[in-house]
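Going in written order, the chains are labelled A, B, C, D, E and F, and every chain counts its residues from 1.
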Amino acid sequence: MQLHQASWPEIETYLTRSKGVIVPIGSTEQHGPNGLLGTDALCPEIIAREAGDESGMLIAPTFNVGNAQHHLGFPGTITLRPSTMLAALQDWIDSLARHGFEQIYFLNGHGGNVPTINAAFSESYARWSLTGEPCPYKLKTRNWWELPGVMKTCREIFPVGDGSHATASEVAVTYYGYPDSVKNVEMTPKIAPEGDFSDADNYRKVFPDGRIGSDPAQATPDKGAVIVKAAKDALIAEARAFFGANA
Amino acid sequence: MQLHQASWPEIETYLTRSKGVIVPIGSTEQHGPNGLLGTDALCPEIIAREAGDESGMLIAPTFNVGNAQHHLGFPGTITLRPSTMLAALQDWIDSLARHGFEQIYFLNGHGGNVPTINAAFSESYARWSLTGEPCPYKLKTRNWWELPGVMKTCREIFPVGDGSHATASEVAVTYYGYPDSVKNVEMTPKIAPEGDFSDADNYRKVFPDGRIGSDPAQATPDKGAVIVKAAKDALIAEARAFFGANA
Amino acid sequence: MQLHQASWPEIETYLTRSKGVIVPIGSTEQHGPNGLLGTDALCPEIIAREAGDESGMLIAPTFNVGNAQHHLGFPGTITLRPSTMLAALQDWIDSLARHGFEQIYFLNGHGGNVPTINAAFSESYARWSLTGEPCPYKLKTRNWWELPGVMKTCREIFPVGDGSHATASEVAVTYYGYPDSVKNVEMTPKIAPEGDFSDADNYRKVFPDGRIGSDPAQATPDKGAVIVKAAKDALIAEARAFFGANA
Amino acid sequence: MQLHQASWPEIETYLTRSKGVIVPIGSTEQHGPNGLLGTDALCPEIIAREAGDESGMLIAPTFNVGNAQHHLGFPGTITLRPSTMLAALQDWIDSLARHGFEQIYFLNGHGGNVPTINAAFSESYARWSLTGEPCPYKLKTRNWWELPGVMKTCREIFPVGDGSHATASEVAVTYYGYPDSVKNVEMTPKIAPEGDFSDADNYRKVFPDGRIGSDPAQATPDKGAVIVKAAKDALIAEARAFFGANA
Amino acid sequence: MQLHQASWPEIETYLTRSKGVIVPIGSTEQHGPNGLLGTDALCPEIIAREAGDESGMLIAPTFNVGNAQHHLGFPGTITLRPSTMLAALQDWIDSLARHGFEQIYFLNGHGGNVPTINAAFSESYARWSLTGEPCPYKLKTRNWWELPGVMKTCREIFPVGDGSHATASEVAVTYYGYPDSVKNVEMTPKIAPEGDFSDADNYRKVFPDGRIGSDPAQATPDKGAVIVKAAKDALIAEARAFFGANA
Amino acid sequence: MQLHQASWPEIETYLTRSKGVIVPIGSTEQHGPNGLLGTDALCPEIIAREAGDESGMLIAPTFNVGNAQHHLGFPGTITLRPSTMLAALQDWIDSLARHGFEQIYFLNGHGGNVPTINAAFSESYARWSLTGEPCPYKLKTRNWWELPGVMKTCREIFPVGDGSHATASEVAVTYYGYPDSVKNVEMTPKIAPEGDFSDADNYRKVFPDGRIGSDPAQATPDKGAVIVKAAKDALIAEARAFFGANA
């Protein structure tokens, strides 16, 4: 069940049987020579959509721009400053809590979001902790590739060159979701270097085509389908456990 | 051309021929008994996507949650506070300007966003105005239903009961985009009342099913197709004029 | 009744018969070669003062600096950033609501304030909407020149060259209020050009003496008196309707 | 010279002979049974206006709502939170500095503003200090009653019961400026108690009619005239010294 | 009793006999050629520690970085912007109030903190004042050198050249606390000049070695011991009076 | 070398040979029945102080209050909201960068700080990334117990019941640093339960005495000495590598 494709009476009915909701959250940032700028938002969106359709769990719209400051050296990247993201997440959480949602699960597609998402959770809880009143909701986040079993699937499909940014796996997931967007680009070098970075200028100097450790030319829609299936199954199981008995 | 489905080298190439970008911006809020919660985000997204595909103009991801505080009395509504929205729009604008975009056009799907979008433009310009350096970009916003010719088309299709919230027109546009989400709901009364509102509690008391002045049961995918076509053509013309000679 | 010339026991008594208050709100910004920098604050202040004296309705002090970033190319202009103005309006509203005011009417003198005032209203309501408690006050804003009948009066007095910034009408209103400040300046061209603008640098390039579409050399105190009378009468009627039966 | 009654070309001319400006700053808050709510804004405004008229020095519009949280127990009081006031003062300062003003002198009418004004000065300087670039302007604040000689004049006129809030002196200054607003109220007790306070609830409990240590029934327009003259002369001398040789 | 060296059950017990807590607050900023960068934080920390050990009153950890923008021209200085300091103090106060502390006493070591501390108090009270609910705590600040009798002691020990920044007294207090950090530096000139300052660039130009009006070469651990004793005794007396009967 | 015990000329000299600085960062929060409220700030402070004394590397004052909202159910805990901590860290970083520090290393003592510290790094870098100018400094954080070899040492000393909050290791480190603060408390149960938590109310319900998974009664100053030595050696090595050749 997709929140943005539902009517409010449908959500009202949903709330009588579950207080849980899944929010895909990602980023709009460069993903190397053949990866989509939307990769990190599209991956959790694709996985969550299938999970919602299959299970009936509610999927919120995608929080599609996150913390991508280090990718601003590449055209098309859009970032929120972490302070802005803190405020925006607080508003999303407050809105959902207002309707009675008690378990809010953020399915994340971007490693660079993890600190700010967790800081936002503390910011949200802090308002309750400072007064002493119990907080009526629980917040949880999970990177889709860290769902049980998913990394293992990815490593089986891409034993070499999956990498850590613009990974073969994530590009494959988006190619599965958007097969018309498959881009054939030769990678030089075949596998990108690994390393550390700080700001955008530094990142582009160290990783001139944007990839870190990956050979995403291996990505195909079919491989993406396998990953999505693994992630979708794991997401349903984990969210169901989080949402509790009546989910 | 959809930014989130493009790679960064494709955007780099795009920037050699145009400095213009269209950002769909909307809201996630109740749209009456048969309207989708995503209506206000989906309408500009659908129209802009078709315009981008046809014209080659660049379409950014959709800013999908806006100022919807007055709809929070209805489950599923998500809002940003205007102060948060100001900060988020500043970050989107700064990111796009960083890459050299000089004309940023927000195609808006929600009347309640208009004040905050315009305040955000002033906030953005103010940083330049306070130093005296010329601002390198221009900002523009347009509600899709106010594109030249669109309102006339809507009134021809829905001479009665188009209304001002959960309008027959906007519901039709989303039904065109998401035909699987068509919902058959009887409206009582057939045409909703008109009136004013302030906060969420007040809104729900005055408009108990969420509609204002509309009979959206008239909406069909086919009618939506006509509206989308009119809006898409007008958008291409207006954006092209805004982007200038080389767009 | 002017709040800043009243004592607190007088306000306490006023609140037993009315919960309404009028707040003049404007801007401090260039108004062309012969217009006062305070024009946009002085106009609503002058009109409201007369309305308060005649009707007994309470007039708050004037919010005298607003959003004027686009005029910063001209010496004397002072602006708030919209984010600051949002916070300041929230504090004014919270203070007035603290005393039991239930209808707060902002008589506005500056078109550039409109988006931020409306965004501030949403910001204020949002705190209530996010908790679900009904908001105890209603907020309303009106540009003085859009009060019923006023524009018609202005057009009768200035059939040509009233314009849209540094208008003959608003300059006349301030000349009525401050006859010692009448400035005789020759306008070149007689009627200023019309057009669009973005930041301060752009504004000054397009409108080198600050006017838009106007010939304010036509302004006189006597003409201002006629406009003030029309606006004052319309304000009393509209505020009385807003404040309700016992106002 | 009053900024809000001047045109921008007049300010442009002024800046060729002086880079100094005086900003009256006050508060809108209860001032006891016979004092005006606007007292703390009106006093510096009245004094500065006369100083500007006599000397030709530029007087900005009045910053008329300040930090008055402790007076919110009395109807009519309006406050800014200090964080808002910090932001607003930053915008006023930035705007004036944008035009080339190099000495900005805040003539203050409210003791409760002093900490926040000084914090705002540090906030403003900090932006320069953190980069190392020299700040192009100097900021100064003075309470009008602490101008050289003024307190002595006040004590001569009111040897007993001048007090520390709703003082006989400040009420007299406003009665001089607004003789139609003189209010005859019997004070009980004749001289109000002295003491400390924290929030608004505490203040009203300790000082039930709002006064601290004063008998403002002694105030008359004539006494106010003497104080205004003393303050005006001292202000001209001090501002001239601050503005430097060419002021 | 030092909070950071206590366990939570010990604080729970403390709260049964007292609701008062002392927070040392200072700055990390240059203190001339022989003064420690931590002087303004270390002085109140040293004095409060001894007071807490002797009296059993609770001492919080030291708020060790304050408003030091004007010292940023000298290496090692660290500042908070006043707006940040406002937020941080609010969090400290809210945390302590959460546990039931009713009297929070800030022992301050830096004159430049005074405005922001007082603005923070108003910010904190304002939240209560705007709702009308009584605030459950009282806030107080005192500069350690203004504790009764301390300045007299300092002037007896340093009749000449105590000065106003990098004073002989404060350097002596830190030498008492950190005898291994005594630095023998010749002062040129022997007594530093007096004067005014604004931003960091201006400060360093006017006071090239950082001192104002002082000859801190006179400082010794023994002299510091005398000052600490005077300050400690006065602090115990004043805090006890503030905390009330059961402290 | 301790920054707060150095004079500014000493820091000026230091900067000629190194651009690196270590900032201990922690939290003030409950650490179970026998742990100090300051544990998380004291541990990195103790380790860094010894590293600085031995190696000559510069140690800044301790950032001693962090994100501890989940511990507010226990008296004595003090928290910053993450949004405040973001602003404060930005100011510390900007101040240090102002003096020419190019490598800023945060030695962290509190797991709950990790997200906000990393979000603050992104916030800091973002200002550079959004303009495209290269950032002149690098930021790094390390939890002291994750320094190479330290966890192994801890597990050897405490093979059972080291736990994850109020660990035997961290309590031992503080007992080494503050042997007078050793507290003999019987633990019930001997080893605390493991588990998850959200806000303060939830935390205290799940972990009634504050510990998670630990038996800190095993802590002694001698065991702490061993851990401090291991951590100090590892810190010197890691910081030296980060600071580069001339450190």
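Methods note: contacts are C-beta pairs under 8 Å (C-beta built on N, C-alpha and C of every residue); 3 or more make two chains touch, one makes a residue touch a chain.
Just so it is clear, the structure is predicted and the values come from calculations on it, not from any experiment.
Enquirer: In terms of touching chains, how many steps apart are chain B and chain D, taking the shortest path?
Expert: Each step joins two touching chains, and the minimum needed here is 1.
Enquirer: If we define chain centres by averaging CA atoms, which chain lands farthest from chain C? Would you check?
Expert: Most distant chain from chain C: F.
Enquirer: Give, as an integer number of Å, the spacing between the C-alpha centres of chain E and chain C.
Expert: Roughly 47 Å, centre to centre.
Enquirer: Could you work out how far the Cα centre of chain A sits from that of chain F, in whole Å?
Expert: The mean C-alpha positions of chain A and chain F differ by 30 Å.
Enquirer: Which chain E residues touch at least two other chains?
Expert: Touching at least two other chains: 72, 79, 81, 83, 87, 95, 98, 129-130, 132.
Enquirer: What is the complete set of touching chain pairs?
Expert: A-B, A-C, A-E, A-F, B-C, B-D, B-F, C-D, C-E, D-E, D-F, E-F
Enquirer: Provide the residue numbers of chain B that touch chain A in the complex, in ascending order.
Expert: My answer: residues 3-9, 11-12, 14-15, 28, 30-38, 41-42, 60-62, 64-65, 72, 74-81, 83-84, 87-88, 90-92, 95-96, 98-100, 178, 181, 183, 185, 210.
Enquirer: Looking at the complex, which residues from chain B come into contact with chain D?
Expert: Result: residues 129-132 of chain B touch chain D.
Enquirer: Taking the complex as given, what residues does chain F use to touch chain D?
Expert: 94-95, 98
Enquirer: Which residues of chain F touch chain A once you look at their complex with the stated criterion?
Expert: The contact residues of chain F facing chain A are 67, 69-70, 72-73, 79, 81-83, 86-87, 112, 114-123, 125-126, 128-130, 132-135, 138-139, 198-202.
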